[in-house]
Amino acid sequence: MLEIDGLIAQVGHFRLGEVSLAVAPGSCHAVVGPSGSGKSTLLGAILGTLPVLRGYIRLAGEDLTALPIERRQIGYVPQQLGLFPHLSVRANLLYSARARRVPEPVYGPLLARLLEITGIGGLLDRRIQTLSGGERQRVALVRALVAKPRLVLLDEPFSALNESLRRELWWLVKELQQEQGLTVMLVTHDLTEAYSLADQITVLIDGRQEQSGDKAAIYRRPASLAVARFLGLKNLFPARAQTPGLLDCPAFGVQLRIKDSKVEGEELWVGIRAEHVAVRRPNDPLRPDETRLSGYFERILDLGDSAMLHLRTPSGALLEIRCRHRLLRSYAIQEGKMGIVGLPADELFVIRS
Amino acid sequence: MLEIDGLIAQVGHFRLGEVSLAVAPGSCHAVVGPSGSGKSTLLGAILGTLPVLRGYIRLAGEDLTALPIERRQIGYVPQQLGLFPHLSVRANLLYSARARRVPEPVYGPLLARLLEITGIGGLLDRRIQTLSGGERQRVALVRALVAKPRLVLLDEPFSALNESLRRELWWLVKELQQEQGLTVMLVTHDLTEAYSLADQITVLIDGRQEQSGDKAAIYRRPASLAVARFLGLKNLFPARAQTPGLLDCPAFGVQLRIKDSKVEGEELWVGIRAEHVAVRRPNDPLRPDETRLSGYFERILDLGDSAMLHLRTPSGALLEIRCRHRLLRSYAIQEGKMGIVGLPADELFVIRS
Amino acid sequence: MSLKTLGFGVRASIVAALAVLAIYAGLILSLLWFLDPEILRRTLWSARSLFSIRLSLYAATLVTLLALALAIPAAYALARYRFWGKEATEIVLEFPLIISPAALGATILIFFNNPVGEWIQENIVYFVFNVAGIVLAQLITVLGLAVRMLKAAFESVPPELETVAQTLGAGRTYAFLTVTLPLAKNGLLAALILIWAKALGEFGATLMVAGSMAMRTETLPIAIFMRLSSADIEATVALILILVVIGLTALLIARRLLAGSARA
Amino acid sequence: MSLKTLGFGVRASIVAALAVLAIYAGLILSLLWFLDPEILRRTLWSARSLFSIRLSLYAATLVTLLALALAIPAAYALARYRFWGKEATEIVLEFPLIISPAALGATILIFFNNPVGEWIQENIVYFVFNVAGIVLAQLITVLGLAVRMLKAAFESVPPELETVAQTLGAGRTYAFLTVTLPLAKNGLLAALILIWAKALGEFGATLMVAGSMAMRTETLPIAIFMRLSSADIEATVALILILVVIGLTALLIARRLLAGSARA
């Protein structure tokens, strides 16, 4: 169990604070944010390479800030992996055992199991330079895990790999985490990676902890405009709460049906994910749980399996829509043509401004 | 019109060849491939920074290899953008006009229009260092376009941006390309970028031109195992053509229904995209145009809006499936549980080995 | 790192670094013991000192200009092109750093004793024990450094920027003048200053080629040698301080310029 | 680029680079004009030359060991930590590169004329006009370079590797010995060789502090100076060639080591 409470840390003029979060044993917590958001500062504070100005970092109830790095028992896989290029794969993997004088019978079974899961048993006598990118990742993971860390810190470890290899390693990390019951903190700017691996997500922006919570919650209900923008949501419009279940949205010149009722008169932002906007045909029956909008398709980006559409409404607002590629033909969607879409009430989310 | 015919180029020990492709006027051609595939060598040959060993590069009928770089009239936006840090935005944009002594009345209207589309008119007196990443991209684009290039070469120009900004710039490039009728060659390792911007795609792997053609064709019908693997396709299995419309696939121990008929007895590979595998319920009616497989879900990666599933068949084969997140609940899909999927005959593609 | 983890090894290594600082700073400061303002003034204003200062400034400036004229194109070629003899040239550039200035100066002197050297001396310029010899000795000593520094300055400009300039219609020369040169400016200025200071302080090679002749080939370092030989400590201190002040100023300006170019 | 686009400017710059090569190579080769194998043999085997060679090798080796002992911890501190006086130390390291060796040597000599220096000479070691003076002069001359080179060697090892070693349970010293030192090895060896060669060729400071006394403080560079002063050209050439061969060998070994460490 990692607990961070009211943490403030500073590097030069950059200040990170206050951060409070907890990582439950055996779970994976992703810290996401754009570059310069404070991800690596947070990481340095946990790791022990940066001083903590205020607040606590506790691991299994023990105050980490009093311990030197080598006694924190944290497994660390940095972005560049940190493999020792002058040592063989075997010597890399046994580095912690030799540093701590752990005898073979103690680490042997775990090492054997990790080699088996990751499939790198055949690489032991190779030099680091001769390994492929994916092999290096596996060696770095095993090296960190064989030291039996109480917490595993992954700092964008897959960013140098191509997409297909990256996805393969996600599966592997997931498997390792479940089998070994690892407590993992993953730092990444890749949202897909965070969604794939994490149970909980913390969003850092400009050194502030903007949102922490279940990944589904962050996906569906961003807590602030900054988070929504970081998540790549383009469909964000100012609105004002009206009668329960309705929002005044001047951008569209209509009232939007929404699920949760808001305080009347409150100034808000309303948003919807591009993939949650539903394309409709003129003769589709009206549904009580959605708001219909019409407009013309200003531009279409064909992404292979799916497509991104820009719908310009008569009021001038621009709506981004993601739909399956086959819809383009079956709904006869073309640039410059008119179209109708529906905004499902339960997919619209609301942000207090 | 760019025509490359039988091109061979060499850098050190790396050899690229033979490459033959054509980019129609006003269209966008993407060159994709993993790093070290020869993308930048091809680019250097077109640009004029690398010598051509053999073959032709023609632009509008003119042999480019005989021209020095400055007379090729190619607009170039490299990965690092190549903005001149000692000059203001204005001086960067006017660099080509000053180098070629083009008077203001000639370039003025085009520049004004480009500034309007890209919205960087307010940045003219700024220094490059004070611009954000997205602003720099726009300045680099406008600087290349205001010189009225016959061909625009984009070398991974968006790779330093975050996803949301990157998508915004795709829209912009698309708009510029259509309005200005640009002929564009885009070099990228990002498949989504290639699908978004290009009409035609060429896949380079290890210095070989593996496939060239319409982006839909490459998406749905990769020509070789190397291309399929580069596209991230995991579902690839050896097969043998049987009676027309059927493939023997030992990995599943069943015959697969396919659309196109193959020569009997031929050794092949059969594949399907993860998102084309359909999840079925036991009581769903059998369809004549698909093959049903059963197995258990070995692992589930929750990606927010969608999910990746690994289905292990009784024959031991592993099938990767991508489905909408909401299916997980409505189909009661859980790790370790049994499941049924369908392989639609028209989504299975075949590669000659 | 947090202060609690600052172990013995860390502190010992910092002490070692500060010891290096103390050695050099202490040496320079110890000069002040013999510093007599009246003698300093008198030494500096004497005809002999003024001659040395003028000669040193003249020679160092001429050497810097000559070195730059040859080093700018040579360094650009080394930074940008591959050609026959490139590796040999790069090795030779480090010669003056590694070979004793005495050996270098002696080599120059001996060169003028062979027929080619003799012909040059009789028909072009007479170098040995002459001001031209000072210039030549300093030039040979600093040329390698000049090329190396300018090469680093040119290498700090991404070649891609020149390619982009060419795609925008600039010829090679126009691209060099409008892109490479302005961007390498700070590095070039820093090189210029350091080369100048290095030429100003050159001793071994100058002594060999031009000898130590008062009011003739007596540059500042030679003057220090001659005054110290005649045990005129106060005057020596005065001359050393001039050189130290010039050297330190040059160093600080060059560091600022290089830091500026690293940021840009 | 294709050969067709190789313009006049490109060719002129390559010619300039090759001219630099020709100047240095030509100077060295011109020595062969006066090379008489018999005199070379006789010069090398004379008691006086053997004394110079032995003295030079002894002094340079001792200086290198002393310099490393101080420079390794100092360079590591400069490469890894922030501390009070760091910037001043880094400036001071460039002193010996920029300040005349004559001024440096004179400063050392003058230091021993102040009360502290006199006390040191009377109670610890007598430096002036002595072998200890040679060692001190060379040490002061090379120490700055030694720290700079070792700092670069340590900086080439990513600090992240030390952090990873620590997360794996290694203490700071264990991490230094098992990760930093082996990875900086090539850079350290190259520094060692270049420092040794530089000490071997030191002339100006040595001359000031230890003087030129045959069979007493006559290092190789001093011997070149003395032989040339007595117009014994053939013997001078022989001594120069020894220095050039040693310097060139050191340079080539160091370049290979540094290239190796850049690849690793």
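Going by the order they are written in, the chains are A, B, C and D; count residues from 1 in each one.
Methods note: a contact is a pair of C-beta atoms (placed from the backbone, for glycine too) under 8 Å apart; a residue touches a chain by one contact, two chains touch by 3 or more.
Treat the numbers as computed from the prediction; the structure is a model and nothing was measured.
Identification of common neighbours of subunit A and subunit C yields B, D. Counting contacting C-beta pairs between every two chains, the top pair is C-D. Computed from the mean C-alpha positions, the centre of subunit C lies at a distance of 16 Å from the centre of subunit D. Here the spacing of subunit B and subunit C, counted between their Cα centres, is 53 Å.
We define each chain's centre as the mean of its Cα atoms; on that basis subunit A and subunit B are separated by 24 Å.
For the pair subunit B and subunit D, the distance between mean C-alpha positions equals 55 Å.
Each of the following residues of subunit C touches two or more other chains: 172. Counting partner chains per residue, subunit B has residues 48-49, 68-69 touching two or more of them.
Considering their complex, residues 7, 9-10, 12-21, 23-25, 27-28, 30-31, 33-34, 70-78, 81, 83, 85-86, 88-89, 91-104, 106-111, 113-114, 116-117, 140, 143-144, 147, 172-173, 176, 194, 197-198, 200-204, 207-208, 220-222, 224-225, 228, 233, 236-237, 239-240, 243-244, 247-248, 250-252, 255 of subunit C touch subunit D. Those residues of subunit B lying in contact with subunit C across their complex are 47-49, 68-70, 72, 74-76, 78, 80, 82, 84-86, 95-96, 99-100, 129, 143-144, 147, 149. Partner subunit A is touched in their complex by these residues of subunit B: 34, 162-164, 167, 170-171, 174-175, 189, 191-192, 195-196, 215-216, 219, 229-232, 234, 273, 275, 299, 301-305, 308, 310. On the subunit C side of its complex with subunit B, the touching residues are 158, 160-161, 163-172, 174, 178-179, 182-183, 264.
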